[in-house]
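What follows is a pair of complexes built around chain A, which joins chain B in one and chain C in the other.
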Partner chain A sequence: MKKLLIASLLLAPYIPAYAENAPIAGSVQTRCLITTDTNGVFGNPLPSKLSTASADGGVLPVIRYDVTLANAYLAKVTTPTSFDSSPSLVDSVAWTGSTAVTNTSDAGMSGYEAAKVTYGYTTQFDLTIAGSTWFSSTVAAVYGGTKSFPGGSYTAIVLAECIAK
Partner chain B sequence: MKKLIVVVLLALTATSAHSEYLYGISGNMAGTGHTWGMNIGPSNTRGLRINGVYYQYTPVKNTEDDMLVHVRNKRVGGGYIFSSTDDWSGLPGGISITKGFNIDNLPIELWGDGSIDIEGTGSVVDANVIYSYKYNDDCLTPMSDPSCPGYTEAVLSMMNNTTIEAYDPMSDENISDVMDEKVDPEDEPDQEEDEGKDKLEKILSSVDESILSANVVSQNLLMFAMSHSSNIDPYYDKKLAGGVYKETVVLDGGNLPDNKKGARAGLAQQILHTKMVSMQYDPKE
Partner chain C sequence: MLLALLPFGNAIAHEMTPTYPKFTASFMAGISVTTLNLFNKRKDVAYYEIGVFTDEWEPVPFVSQYTVIPMEYLDTISFDVYVSNLSVDSVEYICSVSQIQAGATVSSKICSRIK
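Up next is the complex of A and B:
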């Protein structure tokens, strides 16, 4: 009887087991948050020009990046090259744009401005310090040389991205 | 176990009796200079506590210059209760900095003068320093609690405004008239006895009138004191329970069916009534 019991115990591991899938769940919390602090407004200093510069009667759009992890993200801000909505335009529009650091939550972030990289209409900042950084974009659109913009509502969009390094 | 529950319930009741806090923020304390006093919050508040400091400024400097900017408050008794330093050495100026700090509800009594101090070469423009605070609103009216600041002054002030005129019987015209009249019954004992009797009655009536007048005045004073007490005492004792009184009545929706039984009873009564009214027209047998 004792031998039989041992034999049974030895055989037990060879009983075939059913396959089982163990799921792995996880979530990644974002450590880079982009917020529009101020919506931009086009000023119309000349009939053929729209500009967000305060000298032209406009309001600069302000975008805030909140980063909780230092040296992990790049901030990319791209100024517009076309209107998102506008009256029908029959001529070309010449666009200019630039983005600058206007406010920081840490003194060390003031170095971002000098270290920024600009290509095309995109400006890239290396967010090496955790905290908040405010960027503002100056955008100007000039219509067909000196033609007057037709009356109506014009909107354009600044694209802000947070790219993991 | 039962005792423990009772004690816990009593403790909870006591906790709920605490007054609620009000919250606020100061104006820009650095608006007129780089040093400021901590005169913030409504006057006569008790238990004002600082729970946040926020500041913003723009440094003006050359990149190669060394500059430290200290935003801080002295602690009453020595040292600093709040201090934040930004090191701008080797960094460009012209870009503003914004910082916010949560403070662990430190009493205003501990907060000394605030300042923005600069070490090195450079300056600061567009400075903005704001404090957020909370306070107990029990002492918005100083007389609401004897422990409130300004309580004694308020009570004394109120008492000074109340003029209580003491009644001086010696200055009463009626009494002085009576006292001036000297009645000597031996002077003319036999003359005009009736006239003397009238005079005595007149004198006594004058005295009565004076006493009555004095009583009225003293009663008025007493009534004034009583009403004063009844007006002021509830002012001291009144405690308003805080919290939210939620709606407890729940109305179930649905259809309310007609009461057929009631309708039948009403109809039967109407029929009976009609019959009774019609009976008066029935021919008499």
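Up next is the complex of A and C:
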């Protein structure tokens, strides 16, 4: 065994080593990536109210925008005005919604919240700095004034848009 | 009451490039073409709808391999958009919108702009 080992060591320099290059190619482009960090959950603080606010027992939906080029995109987040799915409802539902910046990857983005533009249920942010920005939406639905929501599953959709400038 | 309970902490993403596509002459006379790439990192989305719009967000007639693109999770697809030369100057945005299925709570839309 010892002789075999010594023989192997002596032969090692004479065994040719084969190698092959394996190139990895890629390109970096200007891009906007929309990521859902947290799906929202409705809390039910009152029989007639569903809300994503933490104080109401809900979970705010959180959406992250990643942009690689400064001043190239507008972020628009639109809160829902109807349920995507729900039990049958016989009365109207009153919706309220708002979107705010909750976290940023660059301190320079601190001005996004003050500069946002709100029209209807849509909030628009001008992404003037490259990096990541997190937005959360507070959504509330009130049924027929004081009626109770019927039992069942309710879902509503937040629309997150990234529009090139 | 059963509320909308959905898993959170689940990152799902949608991406479309290039940001500023350009139309060029296609192999057909009177038709211009541009190529875009779509990446689907959303497990809850299997289809994306493509749309072409003016600066006033009016739809512009176009042709592509798909109007609604089927995409599996982690798929990257390259698709062509063909527009008549009569309409190409009015094209401002090309957008992809996720066609969400039951259970999803966020619909994502990304628009590239023609320069």
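We adopt the following convention: the second predicted complex is superposed on the first by the 135 of 165 C-alpha atoms of A that agree within 3 Å, B and C clash if a C-alpha of one lies under 4 Å from a C-alpha of the other, contacts with A are read in each partner's own complex, and residues count from 1 in each chain.
Everything below uses one rule, namely that a residue touches a chain if its C-beta (ideal position, glycine included) is under 8 Å from a C-beta of that chain, and two chains touch if they have at least 3 such contacts.
Quick caveat, the model's predicted, so the values are computed rather than measured.
**Student:** Overlay done on chain A, so just call it for chain B and chain C: clash or fit.
**Tutor:** Verdict on chain A: chain B and chain C fit.
**Student:** Under the stated touch criterion, which partner chain does A:111 make contact with: chain B (first), chain C (second), both, or neither?
**Tutor:** After superposition on chain A, A:111 lies in contact with chain B alone.
**Student:** Applying the document's definition of touch, where does A:85 land relative to chain B and chain C: first, second, both, or neither?
**Tutor:** second
**Student:** Per the contact definition in the header, classify A:132: touching chain B only (first), chain C only (second), both, or neither.
**Tutor:** It touches chain B, and chain C stays clear.
**Student:** Between chain B and chain C, whom does A:103 touch in the aligned arrangement: first, second, both, or neither?
**Tutor:** first
**Student:** Examine A:158 and indicate which partner it touches, taking first as chain B and second as chain C; both and neither are also allowed.
**Tutor:** In the superposition, A:158 touches chain C alone.
**Student:** Who contacts more of chain A, chain B or chain C?
**Tutor:** C
**Student:** Mind working out whether A:40 is in touch with chain B, chain C, both or neither, as first, second, both or neither?
**Tutor:** After superposition on chain A, A:40 lies in contact with chain C alone.
**Student:** Aligned on chain A, what is the least Cα gap between chain B and chain C? Give it in whole Å.
**Tutor:** When the complexes share the chain A frame, the smallest chain B-chain C C-alpha distance is 16 Å.
**Student:** Using the touch rule from the top, collect the residues of chain A that touch chain C in their complex.
**Tutor:** Where chain A meets chain C, its residues are 29-44, 50, 59, 61, 63-64, 69, 72-73, 84-85, 149, 151-165.
**Student:** Can you tell me which positions in chain B touch chain A when the two form their complex?
**Tutor:** Going through chain B, the ones touching chain A are 56, 59, 69, 86-88, 91-99.
**Student:** So in the complex, the part of chain C that touches chain A is made up of which residues?
**Tutor:** It comes out as residues 1-20, 41-42, 93, 100, 102-113.
**Student:** With touch defined as at the start, can you tell me which chain A residues reach chain B in the complex?
**Tutor:** 101-111, 113-114, 132, 134
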